[in-house]
Amino acid sequence: MELELVTIISERFLKDDILKMIEERGSKGHTITDVEGEGSRGIRASEWEGKNVKIETIVNKETANKIIDEISELYFENYAVIVYSKTVRVVRGDKYI
Amino acid sequence: MDTIITNLTSPVVMAFVMGIMVKAIKSDLEFPQVLYKSISIYLLVAIGLKGGVELSKTPFSEFILPASATIFMGIITPIIAFVIIRYLGKVDLDNSAGVAAHYGSVSMVTFLASISYLQTEGLEPEGFMPTLLALLEIPGIIVALMIPLLQKSSNSSFGKAMHEVVTGGSIVLLLGGLIIGFIAGPVKFQSIEPFFVNGFQGALFLFLLELGMVTARRFRDLKKVGFFIVAFGILVPILHGFLAILIGFWSGLSLAGTVVFATMVSSASYIAAPAAVRIALPKASPTIYLTASLGITFPFNITIGIPLYYAISLWIGG
Amino acid sequence: MDTIITNLTSPVVMAFVMGIMVKAIKSDLEFPQVLYKSISIYLLVAIGLKGGVELSKTPFSEFILPASATIFMGIITPIIAFVIIRYLGKVDLDNSAGVAAHYGSVSMVTFLASISYLQTEGLEPEGFMPTLLALLEIPGIIVALMIPLLQKSSNSSFGKAMHEVVTGGSIVLLLGGLIIGFIAGPVKFQSIEPFFVNGFQGALFLFLLELGMVTARRFRDLKKVGFFIVAFGILVPILHGFLAILIGFWSGLSLAGTVVFATMVSSASYIAAPAAVRIALPKASPTIYLTASLGITFPFNITIGIPLYYAISLWIGG
Amino acid sequence: MDTIITNLTSPVVMAFVMGIMVKAIKSDLEFPQVLYKSISIYLLVAIGLKGGVELSKTPFSEFILPASATIFMGIITPIIAFVIIRYLGKVDLDNSAGVAAHYGSVSMVTFLASISYLQTEGLEPEGFMPTLLALLEIPGIIVALMIPLLQKSSNSSFGKAMHEVVTGGSIVLLLGGLIIGFIAGPVKFQSIEPFFVNGFQGALFLFLLELGMVTARRFRDLKKVGFFIVAFGILVPILHGFLAILIGFWSGLSLAGTVVFATMVSSASYIAAPAAVRIALPKASPTIYLTASLGITFPFNITIGIPLYYAISLWIGG
Amino acid sequence: MELELVTIISERFLKDDILKMIEERGSKGHTITDVEGEGSRGIRASEWEGKNVKIETIVNKETANKIIDEISELYFENYAVIVYSKTVRVVRGDKYI
Amino acid sequence: MELELVTIISERFLKDDILKMIEERGSKGHTITDVEGEGSRGIRASEWEGKNVKIETIVNKETANKIIDEISELYFENYAVIVYSKTVRVVRGDKYI
């Protein structure tokens, strides 16, 4: 079964907000990794709160679009956050949707 | 000058300088972030506990005036800082408030360095100073974050930022330690005393070594922030320190207590404030407020500020 | 009542309560997992070493009866726990055996808290108690995991679970420390004594602070597990503790030794047992066994259980 | 034989053996990598500080000869090691130089174990030994890495490797500590002394426990490297140790100082050297140089080497 | 060259088992990341053993299928584990097969 | 917008070199994860320097090719390093190119 793996990389302090948001949009699970990174913005407060986080969630196409739109709208302007998605092949995919 | 050299050759200050050097020679030495965080936890709990035990021995009447003086300074210093940076520096509203929040709050390590320094001078400040540290941590941030609220339409994340400030890791550990130390009192504290007292200066040594490395990274941004911020980061602490010395003596603090009080007030937060400002004022630039507080004021206070406040205190009230 | 208050105001217990509070106010404070693991390693090695050194001073004849009593309790308590939860609680086989494994084993921190508590009461248990702790850690898990084997077709991962139990990190550190302490003896131990003895209570303080935060997370599951498990988590420890007091006195332990023994026996494992149960009984629900051992029995023992076992011991054998 | 048993039953050596056992029984015990790194940082800073404080009390005239002897050994030992492995062992150029770099440098923990050992024998080496440790760390690596440069076309990453050697974490911490200890002197050192001195042996205990586990992993590669490397890893240290004893006595070191000196010289680096060799000689196989230094020479020195150098020193100069 | 990147996320204590299994099925290498996560099961013992692990291995299509089947058969019922795969472009791909 | 997510896994001590290289080739940002791994080479010095690193960067097709070529040329022979890429869907992709 083909589903979307949505990846969000953001400043650590947005973690709880983003998790809540993706759950509300229909995500049934997620995986979090501590990462470091650099992008178009320079230093950020997270130097003190610890590193960035990468949040990955496997969802159906529709949910993926909702999450991506929401992220761009809410966080793109003020915070260091990026989002991308790709199609993956999963087994027993009904568990995720 | 002499007191500055005494200060510069104390082990903890040398550790800080060593940390800066380590980065200057581009060494690949890295402190695990977890070690850094673990030492912070230890230092905050230890300060809290010791402060609480001391507080349990202090009569309320002796404590009330210094406590009021602390809260007063917590309210007045962010306003001073804001006015200077906004109207003298012509910095925009969000960045001005962001910086003001940092200078209204306090730096734990600067506080500790001043106590270390006084001990080498043979002086012992009041035991309840850590309580004042806890009292000073929060109000300045609240005041500073309220300024943009008054000047523009209400900000939805102010509440979230307040929760962050009040329940932030550093304040929780400090207050929790204070309360436990206060309830436990000197006798029950004995069992955990070796861990939290004997190891303290050494842990502070390692902490400052790491902080030196972090500060060195900030130095690279000095050029970006411009001359005004650099001057601000040195002169405002002196101004705040000077005011604090007057108020400190007035509130009945000893010479040593006044020096620590001045150091506290003059110091700028770089742990509690950045987290709150990031949430409440996302448009304020971390480059500006972190460079000012961590890249300028912190090293200034650690090396020159503390002996300076001591000299002024001696001159005014010694 | 008085003894409960003495216990509740001891620094380590207050640290535990503070940890629960920290989560209750939704603070963002987080203990690095590595710090937690490092302190566990330190505590286990320290307990082992001190126990080994003490054991090297104990004549075998003094030790044999308490050791036998310990193994006896390690065999009998998981059976009692299993029978109660399976036939009174009507819980299914796997979950019953899983919970029984936890109550047959032992919680290191509860053990330490009882020693701390007795020391504030001016009592000193036998030096070989850590050896009993090591003896009690394993048999209960083995007995409990064998029950489903006897009742249904053989389970292929039983062997793997046994290996996990016997070579699990906590037992290896404890036993390794015991052996080294035993061989080294009091004189050679001196060089490492400051590190492992002076810092001990303080490290335990930080550990309990973290454990409080973990326990608070367990509280959220209390509703899920239902009333029977909650009652089980309080009453079974009292029953086990009571039996242990009788057996403890019978085996010749002192008053203090008996209290520690009762605490150990009544406590439920939440480190060694979960790992083994996860492997041997994958269908048993962690929500049930972790909530019972960590969410109910642990806080109960730390706050009320220990003074209770002390009161009962005084009453029976004091 | 007796001295070997004394050594084998010292707590730190037993910790090392315990670490090997832990892996032999396939326990799932894992030391967090961060704990390992944090203890390294602590040990290096502590050695540096103590060495610096002692150095500040030593007249220059007493120090100059041992220092010269150290640098001399740092230059001569990698050449000896290279010649043996290249021409006797017929190993290729890169691998020979890589191994030589390891045997020209020094192992901090072996150094510490020799001091521990002597203290149980009631002997105290010169206070400036840590300075010699720092002096010996670098030259051997430079000499060894220059050999392939002389024998083939110039290597572009030699400069990068040099920077790595000179600014590597271990040397920076050691030297930084030395300088701070030297400037601070005994009086100012007192505030941080409890942390860096009392806890030292215990931290070393945990470090060796972990190092035992790492070494056990190296043992699996013993077969891969072949008999020649195994013999090399035992005989070359004895040869280097023997030479160092002669030179050590000649330079005026005490009996204890000479034993520590011989241990240092005979030991093989497994922290600074691998990093440099990886950069400068990417074709050299880590399996060979790490197995030799960490899998053979390190355990040999810790268990048998140190008492052996002591016996030889007693025989020659006692 | 196009190969499959198979990703397995599981409770930590299954790590060694899974690594052994994928090696037997033909994987020539793997990369392990410490991650945290939440899914259809709630709490698990790994709260004590540390976090979840993510195991990634680049293999050919056939091996990928074998690994995915094996994981679903052995672990899906009793343990917290998920698996998915996607196609990636690798250089000198012969090293992986 | 479709862009390439290039993933590089390498020994830790190559990190700074690789970051410098990808920046010079046109990468505007990156994310770093600490990982462990095993591959065609056995043990390496990184046992002492800490674990491997995974470097991920989102770039356009052309930059991706440049980075992949450079990695294969410079590091493949002597160091433990692998590289692969896949296409991902990003929002406001112009930020990355």
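Order of writing sets the chain letters: A, B, C, D, E and F. Residues in each chain are counted from 1.
Just so we're on the same page, a contact is a pair of C-beta atoms (placed from the backbone, for glycine too) under 8 Å apart; a residue touches a chain by one contact, two chains touch by 3 or more.
Fair warning: this is a prediction, and the values are worked out from it, not measured in the lab.
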(message) Following contacts chain by chain, what is the lowest number of steps it takes to reach chain D starting at chain A?
(response) 2
(request) Name the chain pair with more contacting C-beta pairs, choosing from C-E and B-D. (result) B-D
(message) Report the chain whose CA-based centre is farthest from the CA-based centre of chain D.
(response) A
(message) Please tell me whether the contact surfaces of chain B and chain C are same or different in residue numbering, using the over-half criterion.
(response) different
(message) With centres defined as the mean C-alpha position, give me the chain A-chain F separation in Å.
(response) 21
(request) List the centre-to-centre spacing of chain A and chain B in whole Å, with centres computed as mean CA coordinates. (result) 35
(message) I'd like to verify one number: the distance from the centre of chain C to the centre of chain F, where each centre is the average of its C-alpha atoms, in whole angstrom.
(response) 47
(request) Indicate the residues of chain F shared as contacts by at least two other chains. (result) 33-34, 86
(message) Touching at least two other chains at once: which residues of chain C meet that condition?
(response) 34, 37-38, 198-199
(message) Using the touch definition from the top, list the residues of chain B that touch chain C in their complex.
(response) 34, 37-38, 41-42, 45, 49, 163-164, 167-169, 172-173, 176, 179-180, 183-184, 188-189, 191-196, 198-199
(message) Could you list, by residue number, the parts of chain A that touch chain E in their complex?
(response) 3, 5, 28-34, 58, 86-92, 95
(message) Help me check something: in the complex, which residues belonging to chain F touch chain E?
(response) 7, 9, 33-40, 52, 54, 68, 71-72, 76, 82-86
(request) Going by the contact rule at the top, pick out the chain F residues touching chain D in the complex. (result) 11, 13, 42-45, 47-51, 78-79
(message) Help me check something: in the complex, which residues belonging to chain B touch chain A?
(response) 33, 37, 214, 221, 270-271, 274-275, 277-279, 282-283, 286-287, 290
